[in-house]
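Listed next: structures, encoded as structure tokens.
Each of the next two complexes has subunit A plus one more chain, namely subunit B in the first and subunit C in the second.
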Partner chain A sequence: MADHEVVTPVPGTFYRSPDPESAPFKSEGDTVVAGETIGVVEIMKNFQHVDAQVSGTVLRFLVENEGFVAAGQPVAVVDDGA
Partner chain B sequence: MKRVLVANRGEIAVRIIRAVHDLGLEAVSVYSEADRQAPHVRMADAAVLIGAPPAGRSYLDIDAIIEAARTSAADGVHPGYGFLAERADFATAVEDACLRYVGPTPEQIALMGDKARARGVADDVGVATIPGSDGAVADADEAAAVAAEIGYPVALKAAGGGGGRGIRIVHDEATLYDQYKTASREASGAFNDGRIYVERLIADARHVEVQVLGDGKRTIHLHERECSLQRRRQKVLEETPAPRLAEATRVGIHEASIALCDRIGYRSAGTVEFLVDATSGDFFFIEMNTRIQVEHPITEAITGVDIIAQQLRIAAGEPLGLRQSDITPRGCAIELRINAEDPDNDFMPSPGPLTRVVLPAGPWVRVDTWMEAGGEVTPFYDSLLGKVIVWAPDRDIALARARRALDELDVEGVKTTKAMLVTLLAQEWFATAEFNTGTLERWLEETANGRAGA
Partner chain C sequence: MPTTNDCWRYSIPIKVIKPGLATSVQDLGRRGYYHVGVPPSGALDQFSLLAANLLVGNSSDAAALECAYMGPELHFTESTVVAATGADIELQINGQAQPAWTSVVVAPGDVVTFGYLKRGARMCLAVAGGIDVPEVLGSRSTYTLGALGGHEGRVLQAGDELAIGPVRGKVATRTVPLALRPDLPSELEIRVVMGLYDHLLTDLGRQTFLATSWTLTPVADRVGFRYKGAQLDMVEREQPFGAGSDPSNIVDAPYPIGSIQIPGAVEPIVLHRDAVSGGGYAMIATVISADMDAIAQSAPGSTTRFVAVDLYAALAARAERAERISRLRGHFG
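The block that comes next holds the complex of A and B.
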């Protein structure tokens, strides 16, 4: 088992769902494939996707919804099952 | 009105505070925790902390702003642009608190903010709107029916989109069904929204808008602004007067704007937006913005009218002190928007500390900005750092002055759009004003591809 941190490339406000009315992109325990979006970061009225780099299972989120993130900060951990 | 609360931040808060002070009034600022060191806080006569950095918890918090007005004994509120500026419920809350709202009535904000009702007002006064479907169509059959009615060629556009993306041009019914499918699929991919609307195709379209001022009884116009150079519906550069505009069209949009505003008894400053068919000279009402706009200073430059001071006077209950015959535009003005974005990386926002800021100055150069060395561009708000506005007796001299002013500008610590604007000002098509609403995005794409291929 190898854990991979998913990091945000930009600073801003982290959201787990595409908009307030929608379900989260991913919940803990969900499977993800590499390149899949697990959250968005709002930066200066722009929304940047935060994508998983590896396929596997979302172990946990490290940042709460609407939490502030710095550039390069890990927001979630994915277990690649390897 | 003696003490005006400015419900905004950034360059427009600074601009409004200056107008308030020019009139001998006092200004109250509000600020979030991210803006403690911001110039709009220092410049005001009083400042009130209203909440956490995200706008939803501060600059969009109506209750917190009304409470700030109460505790600071303000008697008027200026919304600026963005944030709460076109929210009828905010204007109502301000009035309910027995404060003057520096803007139109809540009813006017609601009326012109509703696209269908605003088009109805245009219809009432005989101003054309772009022929097309009433919002998104249900399916390809409805699109075909609308196209048959308005005549080919038509444009299929993404209801959830912007700029030139997702637009398909259809010349006849035989190809409409295939094109509809492609357009809807593209729109789903690009905007996560496959809805499509149908419009008459205006191949060579320009975005031209008219500045108006009304006191509820009488309206005047302050001429037009050419705003076609946009990227993803964000204006990049504006100028006035609009170049290459037929005189009949110019007069037509001015008169249409007055008719619209007179019809609703418009109060305060506003902007009536038109799409102009550059080939035929026909013009179509798009929408009305019931607030001050970013690009208002170029109008101030050619008319000598302080639009925000006028807004404040009107809000205080004074009748409009200007007649149409008082407005004589002189020369040309251009505005360049300096954003904290990286043009080399798809205009990615670029927050960070401002380590060095040198602003242009000198004859007929105005800079409206909040930036200063030691300041910080935070990730929470829009990317506009400031605006460089130049005036000159004619367009060629204005262009030269714009280049000179940009050359003097030096910002370090964050990426800015300066270099892109320098290149834009050097383009032949810009010098000759041969552009339309699609030109800038096409040009940016070509230059990006050129770099990638080099």
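The block that comes next holds the complex of A and C.
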């Protein structure tokens, strides 16, 4: 099995759900498809999607909801099952 | 000597594949219309814009691209020269890293991309000839809130095509010496002149403002930079006629660029070059002009201490900055 880090391209505030009322995009253990959104980062009133680069299983999140992230920081780990 | 690039030409050599986060066309800005509500706009980090233009052989009033936090992906269909300055974010051509603060040759078919932001917040990409968009009120700068200037009055989108202006002469490869490049610290000291409304703070409020290490929030764009860190104590008073009910409200007044307002006496906002020209929040201090480039390069999560200086110190800092700019110009002969 190979672990892949999901990285945010921008700095800002990390959210695991699209809005406060909704369920998280993904929970640990969920399957994820390459290109699927696993969180959003708010910067300058923009919401930048953070997408998985590979398909597999979400192993864990590395940043908590509403945590501050830097550009290039890994926010989650996906196991591609390979 | 004249070269093949010496004659006037019109071409659209840049295609935007990915726009980045908030990439816009900016020049030195639009002077003289703030009193009617049109802010100066222009590159937030003016020093980096000037350096980028000098690197590619442009006049200082040429327009370039300003990119915040994340760079665009651009496809060039013609040979030209580019330079990236400002934030520490790797310039790449066809995936190969290029030196920062240096003029770099781009060949037809090349794709320009950027790495992740490491330090600072805003990168400036200049292209020889300048980004050729129509002047509006004497400037090519984008003012998105007014939907004017720049490329169709907005930030770039995927699929946009950008023209560049005529290039005069050949561009030599140049680099800006390290000593002339700005520091991009994550802990900043920003100088301010107190007033005009700091009398609405108590002594404790004033002390708290200057003693707090303020953290820049992600609400930091071309209009203003919002910080958090403390609640400021304000003088209790009966709000005057025309002012809102919050203690931080005043009867509407014009807002200088760099002025610091504190809605709710918490979360100060430093207004930058796309600011609204007036409103009803007390401005407790104003950032000196020499430190506005540093504000532009502060990234969310960085911390800032505001240091009170008098007007003489502010003018001395302005003269120092002008001297640094003339050293930069001198380097390019």
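As a convention for this text, the second predicted complex is superposed on the first by the 82 of 82 C-alpha atoms of A that agree within 3 Å, B and C clash if a C-alpha of one lies under 4 Å from a C-alpha of the other, contacts with A are read in each partner's own complex, and residues count from 1 in each chain.
In this text, a contact is a pair of C-beta atoms (placed from the backbone, for glycine too) under 8 Å apart; a residue touches a chain by one contact, two chains touch by 3 or more.
These numbers were taken from a predicted model, which means no experiment stands behind them.
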Touched partner set for A:Thr13, first subunit B, second subunit C, both or neither: both
Contacts of A:Gly35 with subunit B and subunit C, given as first, second, both or neither: neither
Contacts of A:Met44 with subunit B and subunit C, given as first, second, both or neither: both
Touching partner for A:Phe68 - first (subunit B), second (subunit C), both, neither: both
Contacts on subunit A seen with subunit B and repeated with subunit C across the two complexes: 10-13, 42-46, 48, 68
Subunit B partner contacts - residues on subunit A that touch it in the complex: 10-13, 18, 42-46, 48, 66, 68
Touching residues on subunit C, where the partner in the complex is subunit A: 21-22, 68-70, 115-118, 218-221, 299-301
Residue ranges of subunit B in contact with subunit A within the complex: 53-54, 192, 340, 348-349, 351, 379-383
Residues on subunit A engaged by subunit C in the complex (per definition of touch): 7, 9-13, 42-46, 48, 68, 70-72
